[in-house]
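Next come two complexes, and both contain chain A; in the first it sits with chain B, in the second with chain C.
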Partner chain A sequence: MSRSTSATGGITIPEEYQYWLSKESLWGWLFLLPTLAALALISVVPILRGIALSFYEYGGLEEDVFIGLENYARVFALPDFWVVMKNTFVWSFTAVVLMAMVGLGFAILLNRDFKGRSIATTLLLLPWTIPFIAVALNWTLLFNYELGMFNGLLEVFGIQGVAWLGRSRYALFSVTMAYVWRNFPFFMITFLAAMKGIPQDLYEAAKVDGSTRLDLFRHITLPFLQPIGIVTTLLMSLWTLNHFTLVFVMTSGGPGNSSMVLPVYIYRQAFIQNNFGVAAAIAVVMLVIMLGYGMVYLRLYEDEVGGK
Partner chain B sequence: MASKTRDTEELFGFEMSPKVVTWAKALGFHAVLWSLVFVVLMPVLWMIVVSLNQVAFDTFIENPGVWLDGASLDAYRRMLYETNFITWFGNSVIVTVSSTVLSIIVCTFGAYSIGRLRFKGRKAVATFLLLTQMFPLILVAVPLFLIFRDIGLFNSLIGLTIAYVAFVLPFSIWMLRGFYENLPEALEEAAMIDGSTRIGAVVRVIVPLSSPAIATTAIFAWIFAWNEFVMALILINDDAKTTLPPGLSSWIGQYSLQWDLLMAGALGATLPLFIILFFLQKYIINGLAEGAVKT
Partner chain C sequence: MSRIQFDSVTKRYEADILAVDNFNLDIHDGEFLTLVGPSGSGKSTLLRMLAGLEEITEGEIRIGDTPVNRLPPRKRDIAMVFQNYALYPHLSVRDNMAFGLKRSTDLPAEEINERVREAAELMGIEELLDQKPKHLSGGQRQRVATGRAIVRDPAVFLFDEPLSNLDAKLRKHMRTELQRLQQTFETTTIYVTHDQEEAMTMSDRIAILDTGTLQQVGSPREVYNRPKNTFVAQFIGSPSMNMFVSKLDRSGDRPRFVGDIDLPISERQAESIAARSDADQFLLGVRPEHIHVHETSVEESVRAFVDIIEPLGSNDLLYFELESNIDVTSVIGNSIDIGEDEQGDEEEYKVFIEPESIPQRYENSDDPVYLTFDTEYVHVFDPETGENLSLDQRSTPEAQTESATGAGD
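Coming up: the complex of A and B.
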């Protein structure tokens, strides 16, 4: 503080302005500048443009025409829209719950000392390193009616196979399975990392008190996993809501709209139907849902997330 | 120990020595674990099997010999010489490497600022970064297409790279910030007393100390860019300029019955990430433990 006054040649600077001249704040903003510039160009400007677009009739080469809330009225009148909303919700919820459960299960298995532990961890992490496009091709084959692994396995037990991706009843669920397989390791490693941070003497003390394994898990392990579990669940739900590749490649949302989710639907509205205004309106609805979900979630778990 | 023997007596109706119990438990554990690992890896194994010789699952189970007789690397040869695979792979490498390098540089300073400097607006920026995670990617992608078209970044790998940098930044900064907050205070002050500038202190003291955490963010940036599909699909229109994900997805219609080729392509796209996993696995696990966990 004293240095900033002397640097101005003896002129006294009012207390409240001195702060802004302090080096820490200057460096702080300077270091953030590239980040903020990149985010402004790639996130903020496009989003504002998208919100604006949702109030216009997209004219292509001609001028866009302002039509107020007309696009939103169109969206809510689309019968597909509500099917897609339901699918998106079902898909995200099922996927996140299954990933968390499978991830936790494997984390518990891996969280002990045994020979081959690091090999097992690496092998179980492997699906997470496979690009979604490869997962999509891989699982399209696994679900294939004639050549697929699932129908092949069913046949071993004498059960007639199904066209997993071709039947509206199974399509979304099949894509969900592929997604869960690809992403459960993320939950697994975050849970495993959190388990490493639990002091072992807590377990020892509880064991002396005669606690059972289940007690240990419920009263020591779970509470320790909660903060990381909450953050991971939030991130993963947002990522899942955003997910595009598997649905687009495996089913393109079909048959009919039975496996259509919001991102793919918006893409089709914009680039297949050339309906940029309607696409933008649906995307804004999606923004509201995701922001709302994120805010409520953070508010509910403020303490666990650290409240920073 | 006494209680353990009683357990087995209740369970099996006869008493077992503690040694046998421990041994049987370990055996059971390994049996369960490794069969689960096998189940998880089956899709990958099947991908390899089919890429070598296209075969139906039940035929393979009944008579693997038939599969073995016809196994060859022909699908890989076709992939390399008769398709655009190498071009797409090259484009993916260009975009992934440049966006990873750029994002590390930008995010190191950004995370340092939020994690270690005390200034007004710091919390607001941190909250804003978290908020950007709640933006639908597709809401950004559609207008970005219009913007890039107007400013001439459409159909260019540079445009795609810039978009990827901006997309990984919030998560990378969030992760690295946690690590920086845990470093002892006054680290860089010591360096600055020795005559370094603030930037010099960051580069010479903070970066070396945080290299494991930076490696973690680099891996995440790499995985993001290598995987990214929608942006590449929307922002690139030219088959020779596209990356692997949209490129390979076009094969589904084009080579729909050539599963050996499709699986070879899928494995080819996976290879760079496999390699990363095997060499840098500890950074993924430790990095998550130290950064993301401590939000």
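Coming up: the complex of A and C.
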């Protein structure tokens, strides 16, 4: 049996590796090459360069100096850093929870039969198609102290307006609102799709079994939304942790550090304060956090969606 | 008391699709009633209206003495078994079965557990209680679905084609089991199926529906032996009833049918048929067991040619052709439904014979065989209305009350 080996010009190659050297496989790699090269250039190389940089004192035009874990020690000693970490988690947690709730609410409404449902669906999806930069500018206007809609509304009720983006108490919350408005349709549409997939006879069986409307929601709808809900929540958390544009344009992390989140903080450390080594170290810390999320995500995805 | 009354019940979808048309039926307490009919006959719609899953367009449904038109399903004290079982996939078998009790009663947890255990024991699924539905086979799922219904001890059981997803052998087994359960509980049961055999074997009474209209209600024997019209005649019984076309000839000394098959009939019958219909030709319906096959010509026999002989075990089924015959569809009125049997082969004539009583060499040969008919079992149908003219008109209501009392015991 030629199961394990076959001789090619004197060298024996185990059968399981032979495919890798076959013409078909090589052609395949050839086709992949341009994409892989591009990916390596714009993604893998900067990541590796960033990780390396975190161990060096950045020298600018001079030679970089290796300083071991010094950058990390500096990062953890920065009082700002811990404030920013807290902000980042508060912001991503609040935003994701709000988006999930708003998304679920609209999904429930859109899952009913009513006239103009498809128009409503389209309108509700619209925010998701708007570029973040446009969202940021519009919401900055809405939050404007003098001209903004929110203060205008408050005025109607005789309440003194607020400097939404200019007060540390409200800044992060205001950015969160804009972010939730832009991204809730993602939850809405995944929840809606999951709801459409629930077999109707389960609702009928549950109705005959004595369920009220609330029972139907709690015992049929929710359990069916759970797997996709968990996965979407994790994915969205990852994207939110990563998010830069809205915070940068609307507040730049201010006033003070009150709305500062990690991506903006890294940017400031690197390009405003020229602490490239420190910025790289923070970026590595962030990378580790994201990898953690990513691993949980992959695990859950296999269990809940890809799984049996 | 949980008798069920359908009072002029009509269901219309979007104003113009008539699914159920003026349906009246009184189902007795503890009765096992089957709604049978082809797809689109309205049988499932009726069941779903009773369950509260469809609105009733017109008329009234009463469970016990309570009109339920406006009651939500959970207030109707019913349990239903669905065709696809509708088990809650995220819950264990135990929780599936306890679901209804938790929602509809205030029973303490131990009591619920105990009742679930009892029902599981009865269905033979105790060892599955901690499994999720996806790990169960079709037969096991069916048992869980049935167990989920009986654990509630409702006033009415509703079954919507509960066995149609099982293989033939399991289906027969579950049929007996469901019947036994119903006899144990004596709970009023409405069972929907398109399978006339299921209907025949399980029910106290059968209600046959076609295109939203009730065709006949009666005991299995009654609908089999005394079908009211061509639809019932052909739908009930497998293989289905043979239909021949013949003219009533009253010119000779004795009246007789002449055509596809020739038959003498009594003067009194001829009189009654002529009085009830002025049709020129009639449909003669004869079940396969009421025809006899002979190798030699006998008195009043009809020549026929053997197509094929199918051995069925206890008897054989002989398919035959006549020397000439008139196409049934060419004489019937437009509104008449000739129910097809499951195979849809209504064109073929069939007769049951003793195994090997007719030699195989007759298959596809030019040698004729000779048929005689049990004239007392020949049904005469009006081709325009489909009505069975040979039924004694007086006896129909009698037979119904008879079967109704029979159903109670």
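By our rule, the second predicted complex is superposed on the first by the 259 of 308 C-alpha atoms of A that agree within 3 Å, B and C clash if a C-alpha of one lies under 4 Å from a C-alpha of the other, contacts with A are read in each partner's own complex, and residues count from 1 in each chain.
We take it that a contact is a pair of C-beta atoms (placed from the backbone, for glycine too) under 8 Å apart; a residue touches a chain by one contact, two chains touch by 3 or more.
Predicted model, so just to flag it, every value in this text is computed and none were measured.
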| item | value |
| --- | --- |
| Broader residue contact with chain A after superposition on the shared chain, chain B or chain C | B |
| Contacts of A:I67 with chain B and chain C, given as first, second, both or neither | neither |
| Contacts of A:A163 with chain B and chain C, given as first, second, both or neither | neither |
| Contacts of A:I108 with chain B and chain C, given as first, second, both or neither | neither |
| Touched partner set for A:L262, first chain B, second chain C, both or neither | first |
| Touching partner for A:V83 - first (chain B), second (chain C), both, neither | neither |
| Touching partner for A:P127 - first (chain B), second (chain C), both, neither | first |
| Shared chain A surface residues [contacts with chain B and with chain C] | 308 |
| Chain C contact footprint on chain A (complex, rising order) | 199, 201-202, 204-212, 215, 219-220, 223-224, 308 |
| Complex contacts: residues of chain B adjacent to chain A | 26, 29-30, 32-34, 36-37, 40-44, 46-47, 50, 54-58, 60-61, 105-107, 109-110, 112-114, 117-123, 125-126, 128, 130-147, 162-163, 165-167, 169-171, 173, 198, 223, 226-227, 229-230, 233-234, 244-245, 248-249, 251-252, 259, 262-263, 265-267, 269-270, 273-274, 276-278, 281, 284-286, 288-289, 292-293, 295 |
| Touch list for chain A against partner chain B, complex | 19, 22-25, 27-29, 31-32, 34-36, 38-39, 41-43, 45-47, 49-50, 53, 106, 109, 114, 116, 120-127, 129-134, 136-142, 144, 146-149, 151-153, 155-156, 181, 189-190, 192-194, 196-197, 227-228, 231, 235, 238, 241-242, 244-245, 248-249, 262-263, 266-267, 270-271, 276, 279-280, 283-284, 286-287, 290-291, 293-294, 298, 305-306, 308 |
| Residue ranges of chain C touching chain A (in the complex, touch as defined) | 51-53, 72-74, 76, 78-80, 82, 84, 86-88, 90, 99-100, 103-105, 134, 148, 152, 158 |
